[in-house]
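Presented sequentially are two complexes of chain A, the first with chain B as partner and the second with chain C.
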Partner chain A sequence: MFDLPTTNIGGPELFVLEFGDIVAYFSPYTAALFVFALIFTVLAIVSRPERQVDFAFGGDAYYTKEVEANLLRFQRFMAIACGLATLGAMVTGDVFNFTLFASLVGITNIGIVAAYRNRHVLNAAFQYGIVVMLATVPLFGGAAIVLASTGTLSMWELFTGAVAVPLFAKAFLVLGVMGEGMAPFYIAKAEITRAQGAPFVLMVHVSSLLLFLRVIEIVLSM
Partner chain B sequence: MTPNQSIITRISAIISRVENLTALYALLAIVVVVLGLVTLPFIAYQDDQLYEKTLDPASTLDPYDRGGVPFGTTPVKAQYPENSPYAGYVTAYLTPFSQWLADTTHHMGTTIVAHPGGILDEILYNTRGLDTVVETSILFVAFGIASYLFRRDD
Partner chain C sequence: MEIAYPVGLVVFAAAIIIGFTALVREKDDLHRILLTDLAEILALVLIALVATDLAEALILPGLVVGISELMAVSEVYIAKEGLRAPQEPPFRIEVMDSAPGILALILVAYGIVLSGFTGGVIAAVGAVFYFMCRGHIEQFELIETVSGYAWAFWIGAFFIFMFLPGYWFFAVMIAGGAILIKVMAKMSLVGTMRGGGPDV
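Take a look at the complex of A and B:
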């Protein structure tokens, strides 16, 4: 009974998974994003953190930055949670469910960077946290406008030509995901990347990039 | 800032500062909201809602009365009814103790909202089980971050 209404964007469906009204789907597009997120989640599970070295100019001095075991465990947990949230956001077939996964990605990103003691990193993480908090309003507001104006949240209904989603709701969704994932705002991330513990910090980038690719697909299909 | 700098240099100097990030995002949000408010009168409310909501101020379960008979069958609107053969309204899942509390006192509504499940229940609907899982995951991750930051100096 499930046939993707628009196959020209995501390609034909490969697999469908029903959770009540929430019907997740794998098209070539979302499956590719899913596999990408899966690879990076596995990398976060198996890899060890990088060890940064700071060289002092004008001398022979250098500092090695050690990653504490506690911090390592916590960050690895957050990176894996972030990967799982990204996996969910890639394949979900419901707008509200997608916004929930997006906000889970946002909060795990905060968790990855919040545990550092470096002042620059914490400053960037603070600005980033404010934006993430702010972004929940347009994110869930977009989903609410979709529900109010169409009466449904399922992408299987919204992707059909019969249902018209207002442009305002789409703009809100994109704005919300921009804030949660920070995809276009790379300034804060450049500061965050100064932090040690590369594979876990890179999860911030991967998740936001994939999230943004996914919301573009949703907005174009609606 | 020297006066002969190009406009692009000035803009990139502003947006390259982390401290301006929040203001930048707020500006973007304001632009979208203002444009949205202009188009808002043209958006019509869809009367045929999938997740409809009715409020009954007289009920002892107010505002959490979703209708339905405990341990009975209740018709539920679902997008895909074949995926949820056992669907019923959330209020139909009261435990006997909660039902007794609702029958004898007027505080059950506030009791439900006093624990996280009640807040979730307000947002969520019976046929949307995966939402419940994700929502609680968000709560647990938030608690995890807060407790790690609070206790890391121990």
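Take a look at the complex of A and C:
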């Protein structure tokens, strides 16, 4: 019943799950991304957090940083939620659902970073939060323009050759995802990686990488 | 529709230019939060311009995402600036001592009569007023738990719609009641949440 209209980018569909008119699917491409996200989510669940050690420069002294258990627990929860949002963004077959998952990734990224009481890290998280909030304008705006110009949000319709999505909407969508998921790369990466909790901070980077790969696939297929 | 959409787009473009210019010029962090919230409304404007039933359904998740981002950034701001909850209430007037019980009761009861989203908001106003006047120490965990169960019921009702369409009336009643409780619980958290711990 369901055949992916374009198979030259994501490959043919492997599995289709139908919720009314919202149809989630796996293609070889998205399945690979899904497995990648799943591995890192499982890592965030099972791994033990790192303990940071600061060396005093010029001597052999060092001191270990105390990390509160409840902050770590919060950070782990946010990392797992971020992994689940990434999984959702990989499988969804609906543009608006994709934008919602992308903004969920943005919120959880703020949460991962903000669970640390260092002034510089909090400042970086704040700037990132401002960008995330601004990025919802092009993100939802892109989805709204897609809906207004084509009358549908389903990727099954949008990927067919009969439906032409304006370049403007595609640009908005990519811009929005860059703001939501990828802000650490240009704003706060140095400050964020200063935050403790190695496996959890890693999730920020994994989610932004996967989101970008997915949005590029969507935009090329449309 | 043919005229309204381009005109709306022009207004949107003007608004977004004004908003982003203001953001670039503004240096105060608190004001920047408020300006980003204004800019975020523009995304909803763009969705609303589509003016179909589907667009109407898309506004709500957009709004929820926007509010949750605003709350997350505000919490970061509070932690960043080291702000603390005020020790004593900022203002105290006589009606806040005598009215909360009866007023909250009326609002919540009227909200239950309305049911659905609107009822949830009305009932939430009653709950917010009550908490504002009577203090809010440890009701939050209970509210969050109730909200979680109500959400699960809401989703369950949608599964009934999908898999057992014949029982739609039953599902409508479950969904209406659950969304009432969920919206009320969520709304009553807005504005009263202050981190909780002494370190925030």
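Structural remarks
What we mean here is this: the second predicted complex is superposed on the first by the 218 of 222 C-alpha atoms of A that agree within 3 Å, B and C clash if a C-alpha of one lies under 4 Å from a C-alpha of the other, contacts with A are read in each partner's own complex, and residues count from 1 in each chain.
As a working rule, a contact is a pair of C-beta atoms (placed from the backbone, for glycine too) under 8 Å apart; a residue touches a chain by one contact, two chains touch by 3 or more.
Worth saying up front: this structure is predicted, and the values here are computed from it rather than measured.
Of the two partners chain B and chain C, more chain A residues are in touch with B.
When both complexes are overlaid on chain A, the residue A:Leu139 reaches chain C alone and has no touch with chain B. Contacts of A:Leu38 after superposition: neither chain B nor chain C is touched. Contact with chain B, but none with chain C, is seen for A:Ser154 once the two complexes are overlaid on the shared chain. Looking at the shared chain after the overlay, A:Arg119 reaches chain C, while chain B stays out of its contact range.
When the two structures are aligned on the shared chain, A:Ala81 is found in touch with chain B, with no touch to chain C. By the document's definition of touching, both partners, chain B and chain C, reach A:Phe96. With both structures placed on the common chain, the touch criterion links A:Val219 to neither chain B nor chain C.
Contacts of A:Ile107 after superposition: both chain B and chain C are touched.
Look at A:Leu175: by the touch rule set out above, it reaches chain B but stays clear of chain C.
Applying the stated touch rule to the two superposed structures, the overlap between the chain B and chain C interfaces on chain A comprises residues 19-20, 96, 100, 103-104, 107, 110-111, 114, 123, 130, 134, 137, 145, 147-148, 153.
Only residues 5, 16, 20, 23, 29, 32-33, 36-37, 39-40, 42-44, 46-47, 49-50, 52, 54-55, 58, 61-62, 65-66, 68-70, 72-73, 75-77, 79-80, 162, 199 of chain C touch chain A when the two sit together in their complex. On the chain B side of its complex with chain A, the touching residues are 15-19, 21-22, 24-26, 28-29, 32-33, 35-36, 39-40, 42-51, 78-80, 82-84, 87, 125-131, 134-135, 137-138, 141-142, 144-145, 148-149, 152.
Note for the complex: chain A touches chain C at residues 19-20, 96, 100, 103-104, 106-107, 110-111, 114, 117, 119, 122-123, 125-126, 129-130, 132-134, 136-137, 139-141, 143-145, 147-148, 153. The touching residues of chain A, when paired with chain B in their complex, are 1, 18-23, 70, 74, 77-78, 81, 85, 88, 92, 94, 96-97, 100-101, 103-104, 107-108, 110-111, 114-115, 123-124, 127-128, 130-131, 134-135, 137-138, 145, 147-154, 156-157, 166-168, 171-172, 175, 178-179, 185, 187-188, 191.
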